[in-house]
Amino acid sequence: MLLPVSTWQDIEAWLKKSRTILIPIGSMEQHGPNGFIGTDALCPEIIARHAEAQAPDDVLVGPTFSVGCAQHHLGFPGTITLRPTTMIAAMADWTESLMRHGFERIYWLNGHGGNVATIQAAFSEIHSRRSFDPRGEDNRPGLELKLRNWWDFSPVMQLCNQLYPVGHGSHATASEVSVTYFGYPDRARPEVEMSPKIAPNGKIGDAVQYRRDFPDGRIGSDPTQSNAEDGGKIVEAAAKAVLEEVKRFAA
Amino acid sequence: MLLPVSTWQDIEAWLKKSRTILIPIGSMEQHGPNGFIGTDALCPEIIARHAEAQAPDDVLVGPTFSVGCAQHHLGFPGTITLRPTTMIAAMADWTESLMRHGFERIYWLNGHGGNVATIQAAFSEIHSRRSFDPRGEDNRPGLELKLRNWWDFSPVMQLCNQLYPVGHGSHATASEVSVTYFGYPDRARPEVEMSPKIAPNGKIGDAVQYRRDFPDGRIGSDPTQSNAEDGGKIVEAAAKAVLEEVKRFAA
Amino acid sequence: MLLPVSTWQDIEAWLKKSRTILIPIGSMEQHGPNGFIGTDALCPEIIARHAEAQAPDDVLVGPTFSVGCAQHHLGFPGTITLRPTTMIAAMADWTESLMRHGFERIYWLNGHGGNVATIQAAFSEIHSRRSFDPRGEDNRPGLELKLRNWWDFSPVMQLCNQLYPVGHGSHATASEVSVTYFGYPDRARPEVEMSPKIAPNGKIGDAVQYRRDFPDGRIGSDPTQSNAEDGGKIVEAAAKAVLEEVKRFAA
Amino acid sequence: MLLPVSTWQDIEAWLKKSRTILIPIGSMEQHGPNGFIGTDALCPEIIARHAEAQAPDDVLVGPTFSVGCAQHHLGFPGTITLRPTTMIAAMADWTESLMRHGFERIYWLNGHGGNVATIQAAFSEIHSRRSFDPRGEDNRPGLELKLRNWWDFSPVMQLCNQLYPVGHGSHATASEVSVTYFGYPDRARPEVEMSPKIAPNGKIGDAVQYRRDFPDGRIGSDPTQSNAEDGGKIVEAAAKAVLEEVKRFAA
Amino acid sequence: MLLPVSTWQDIEAWLKKSRTILIPIGSMEQHGPNGFIGTDALCPEIIARHAEAQAPDDVLVGPTFSVGCAQHHLGFPGTITLRPTTMIAAMADWTESLMRHGFERIYWLNGHGGNVATIQAAFSEIHSRRSFDPRGEDNRPGLELKLRNWWDFSPVMQLCNQLYPVGHGSHATASEVSVTYFGYPDRARPEVEMSPKIAPNGKIGDAVQYRRDFPDGRIGSDPTQSNAEDGGKIVEAAAKAVLEEVKRFAA
Amino acid sequence: MLLPVSTWQDIEAWLKKSRTILIPIGSMEQHGPNGFIGTDALCPEIIARHAEAQAPDDVLVGPTFSVGCAQHHLGFPGTITLRPTTMIAAMADWTESLMRHGFERIYWLNGHGGNVATIQAAFSEIHSRRSFDPRGEDNRPGLELKLRNWWDFSPVMQLCNQLYPVGHGSHATASEVSVTYFGYPDRARPEVEMSPKIAPNGKIGDAVQYRRDFPDGRIGSDPTQSNAEDGGKIVEAAAKAVLEEVKRFAA
């Protein structure tokens, strides 16, 4: 079920059989010369919706948390970031809203490596509020929060390595660009050329340093290899893995 | 141009000719027995994208700010809200990110009456930070923030009144449900019946009172009248009005 | 009863018969060449105290919340503003203090249009905290928060239009200046002249734009018409309307 | 000059000769069986206005910051408190507003012992923001913040001790009740009796402990001695001391 | 018992007999030409550990809260400060953590005069949260928070005055430097000379003013008199007083 | 140089040759039946001071940030945690204080895996504030923030694996307990027995789950193997690696 296009009665019915929801979470940040600024939000959204399309009774997909922590990309126009403390506040509000309805397990399907730290900090913040409740935390519904990066499933990693043995990279990767081309084929940019073909590697600091060290925004990747067909395969593999993991998580 | 599916170079080029961006802003809250929980986010997004499709050089559409202030709907499963202070923080971060790139005019196309107060408070918060800058505010780029509810254009209001002379209502309105059916025709729910046909009217307090006074979530509306065809007409009218206003705003 | 000049035993006795309190809320901001900086705080205070003087058993008047949201007036010396998030925090603290004593209905009599958005956001923030309480919100005392602008009662509006058919305006209005002259007749400024006689109209942005577009601070008004006698009539009408509404609200 | 009943042009003129403003700051909290809840806000306000009446060209009196830190009095109905962090935020906003106009010296005339810690913390918070400004703090206007409790001037202390050699006390003191009776003679409560005549002494903890240890709210005082005539003498002495100190501070 | 070098089972056992813990709290700020930057954190830590060494069953010493409010010392390299609001948040988190385990009495042994205001504000903040709990505060464990400056015990004061009848001072005092030399004898700086021998007195404002008025950081002191032997005597006296007071506090 | 036992003149001299400082950062949380609650703060402190002792001219060691994010250990008495947002605020204040003196490179030597996410979020928060500065970030001193877990140096990892091929574990590890025994040999607990000898493995959730799944607090470890001699070897290896890395970082 897709929460944004469901009615409240649909969710009421869902809660009679499940306490679990999946939230795609991403970022709005530059992804090099042929990658979309929304790549990191679009990838988990595409994968989650693909999973839901195959098994609508097995997973409830919430709205996409589409702007995350992208300070280091602010040197590139179009990037939008939340401060980590704002992101923590917003994730806590989403969680506390869902808890009020009876949700007890929230599975965050993440599309941005730069979000990982703040998502984990948000989990700790939410749990701290519960621990500090002066009435104790034993006689209340539980709460489990889980973070999963879509690329971390081993079948997905293997597939990406097989598709792009050279130039997969670590930002504006060949695989993530393919996933978005699968989702938005009309927006694909096969014509874009890049130089050097494979972007340099290096460490990530703040916005000024990033723009200086990675002038077109990519790190270690050659996303001219990207295409919708590859994207479809990756989405297929990731959606399958998500469905399996969500079922275990909900159990 | 649609920012989430554009590259950073696209936005760099845009900024050479314009300092303006449109942000759809909505809410994730119950909309009665046949309306989607995402209605208030989907409506401005559908309208903005329709406008952009007609005149891609005239408007830049940013990501949708899809979860807003919906405390009063928390009595209905699926509703997600931000606290107003969280929403203010997030809108400020979006704005400060955009200002860093050179944007000076941000047009928020709103889909939720319950957001209006907090959006205006956010504008005041953002301007206050600038006023309190100890270095003065005279030698810096300007900043204009504008809020527009999509239903407030008079051609749109007239059309809605003409389409639904009875039972347009004020929450889960016939017109907003039609707009979402136009955007997501496969998800339309023509089969849903409601009783009473026209929902009661009344004032809005907090979540407990709202659920008690408006048991199926609607206020004053009969959205069984809604359909995709009407939605198309409304979107057409609203998109036209948005394009005209954004042009004036950007000038 | 006036809380600031009452004892705690008086309030204890009040709470045995009522759960309602009225809080005047205003702003500290320029009001043109002959209006006081405190106008928006003084007007609801004068009206509330007039109402209380007539029916001391029917209304409890709390301290005046005298500094509100006035960022757009910061271009004029003497204006003091709270950031909206500060105002929300302060209103929440007042409310939570009053709730601890058993108050359940708080009626905010407002004197400043620029406060409306933040007051409504504060209501939503306060209700959100209650909704997010992990123990549920059903077995607790209720809380009703009501906002009323003193000029919005129709007898008051009609009187103002009748007294000032031309040049009533929307900031530094003829009526509000009259109300303060009624309250502080020794401070009236009949000698002040203005040019143009009726100030320009226009839209309100931030502090820099406001000062540029409205050089003496007024919008659309000719407050040289203001006088204490008119003020007395307006106060009379407003106090009557407040008393009636507070009785209904308390019921 | 009294800011709330002045125009912005008055303040503009004031700033041509002075960079100093006085802010009365108090609390809204129980003051025993015959003391007003507003005592701590009313005392500095009465004294400041008395000073201003005598020397309107020598002191500018701002609006009264009337609700402060009174958590320990919350056991008594009518008490309203700010959390210290809210009070710090509000004092910072007042200060930053005043700084924008060119004020550089703010003199807080305090009426509540329980405010002292938070006022000092607010000063430190405000100065910290300036120190952390990444552009340095050397080429900006200075800022001096001064706290003065009205009862701490030695002529005032001597007078109070002389008027009330027994039972002056430390909360709901004979002197502060007299000051408010001078300000609001019609509200005086000469008929109230207390038992014991002199309230017990003890240490102050939180609200629950305070109410238990000091059942009628007084600490160490016998305010049945209070009267408007004494209040007038105290106000006279305090106003004189304030005027002298403000002149030195402004120099 | 020293919490940082104890096991959780040790603390579990402690809680069976006591609900009390001592927290040394200090600052990281310049202390003149021969005083350590950590002086204000080291002094209460040295005293507390000395007390614990003498009576390990009578006092539980927690970790040292070592960075406090030192904005006014930021003009001197090495000083680190928290904003007061950060310090309040951190002290609240420590307290709420300890309350979760069952601690009900927290004794803060303070080494920095500049912390006093913010510590008291933190106490009020913590108590306010409890008062605002919508479920009431009567049926919960109590909480007592106590602040003690180590130099305020009268035997300690007398000893310091006797040891340093001239040039004890009020910042970088002869006594506090001696205490740290007792704790870290290898780090003592007997060779440092100062001019003038006794530092000037004066009032404390912000960082810029402090550095200007007190060029080597001392106020009123001659710490060339300091030595480890004196420090040992002071520590002995202070530890004795602390043990006695903690026993009374815990009772 | 050790900042807490240095004078401000020492730091002034340091800043003439270096812009770098090392901050040990840890946690105050249970470490099983024979590990100290302060283990995670003590380990980086011991290592940093050992490094400094060997090369006092090569590294400046600041005060230890000793309480971190330990919500998941709150089920065990003695654990103290900061909420992540508090930790971010405190780390930002430390950083902004150090930046005011001219430090541009801050090396955080971390002792707690549970801190990693919040430390990285704090870095992003600090950089975001700089990016959002309306005056641009190009003409200011740079800022580099680096996180290093002491156990992540490969010589250290190899040594730990060699010393404890079985039962090294992931919480209350054999190596960290050894490091603290090296630092505090008198506090070692050779007599403590554990059952099972090697603690179970598993995933970490919140405090309630952790206490249930790991009843004595250890995860996967057998710290009965720990001893001061091993600790000395580990400290030696880690201190060497830290010195080398700090030199490169400072360059």
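Per-chain residue numbering starts at 1, and chain names A, B, C, D, E and F are given in the order in which the chains are listed.
One rule holds in what follows: a contact is a pair of C-beta atoms (placed from the backbone, for glycine too) under 8 Å apart; a residue touches a chain by one contact, two chains touch by 3 or more.
The structure presented is a predicted model; accordingly, all values stated were derived computationally and were not measured.
Undergrad: Keeping to the contact definition above, tell me which chains border both chain D and chain E.
TA: Common neighbours, chain D/chain E: C, F.
Undergrad: Count the smallest number of chain-to-chain hops linking chain D with chain F, moving only between touching chains.
TA: 1
Undergrad: Which number of steps is the smallest that gets you from chain C over to chain F via touching chains?
TA: Step count on the best path from chain C to chain F: 2.
Undergrad: Where chain B and chain D touch, do the two copies share over half of their residue numbers, giving same, or under half, giving different?
TA: different
Undergrad: Need the CA-centroid distance for the pair chain B / chain E, whole Å please.
TA: The mean C-alpha positions of chain B and chain E differ by 54 Å.
Undergrad: On a C-alpha centroid basis, what's the spacing between chain A and chain F, in Å?
TA: 30
Undergrad: Per the centroid of Cα atoms for each chain, what is the distance between chain C and chain D, given in Å?
TA: 24
Undergrad: So which bits of chain B are touching at least two other chains?
TA: Residues 74, 81, 83, 85, 89, 93, 97, 100, 128, 130-131, 135 of chain B each touch two or more of the other chains.
Undergrad: Output every touching chain pair, sorted by label.
TA: So, checking each combination of chains, I get A-B, A-C, A-E, A-F, B-C, B-D, B-F, C-D, C-E, D-E, D-F, E-F as the touching pairs.
Undergrad: Contact residues on chain A for chain B in the complex?
TA: Listed in rising order, the residues of chain A that touch chain B are 3-12, 14-15, 28, 30-38, 41-42, 62-64, 66-67, 74, 76-83, 85-86, 89-90, 93-94, 97-98, 100-102, 180, 184, 187, 189, 192, 217.
Undergrad: Can you check the complex and tell me which residues of chain B touch chain F?
TA: Checking each residue of chain B against chain F gives 93, 96-97, 99-100, 130, 133, 135, 140.
Undergrad: Enumerate the contact residues on chain A facing chain E in the complex.
TA: Within the complex, chain A contacts chain E at residues 128, 131-132, 134-135.
Undergrad: Could you please specify the touching residues of chain B with respect to chain C in the complex?
TA: It comes out as residues 69, 71-72, 74, 81, 83-85, 88-89, 114, 116-122, 124-125, 127-131, 137-138, 142-144, 205-208.
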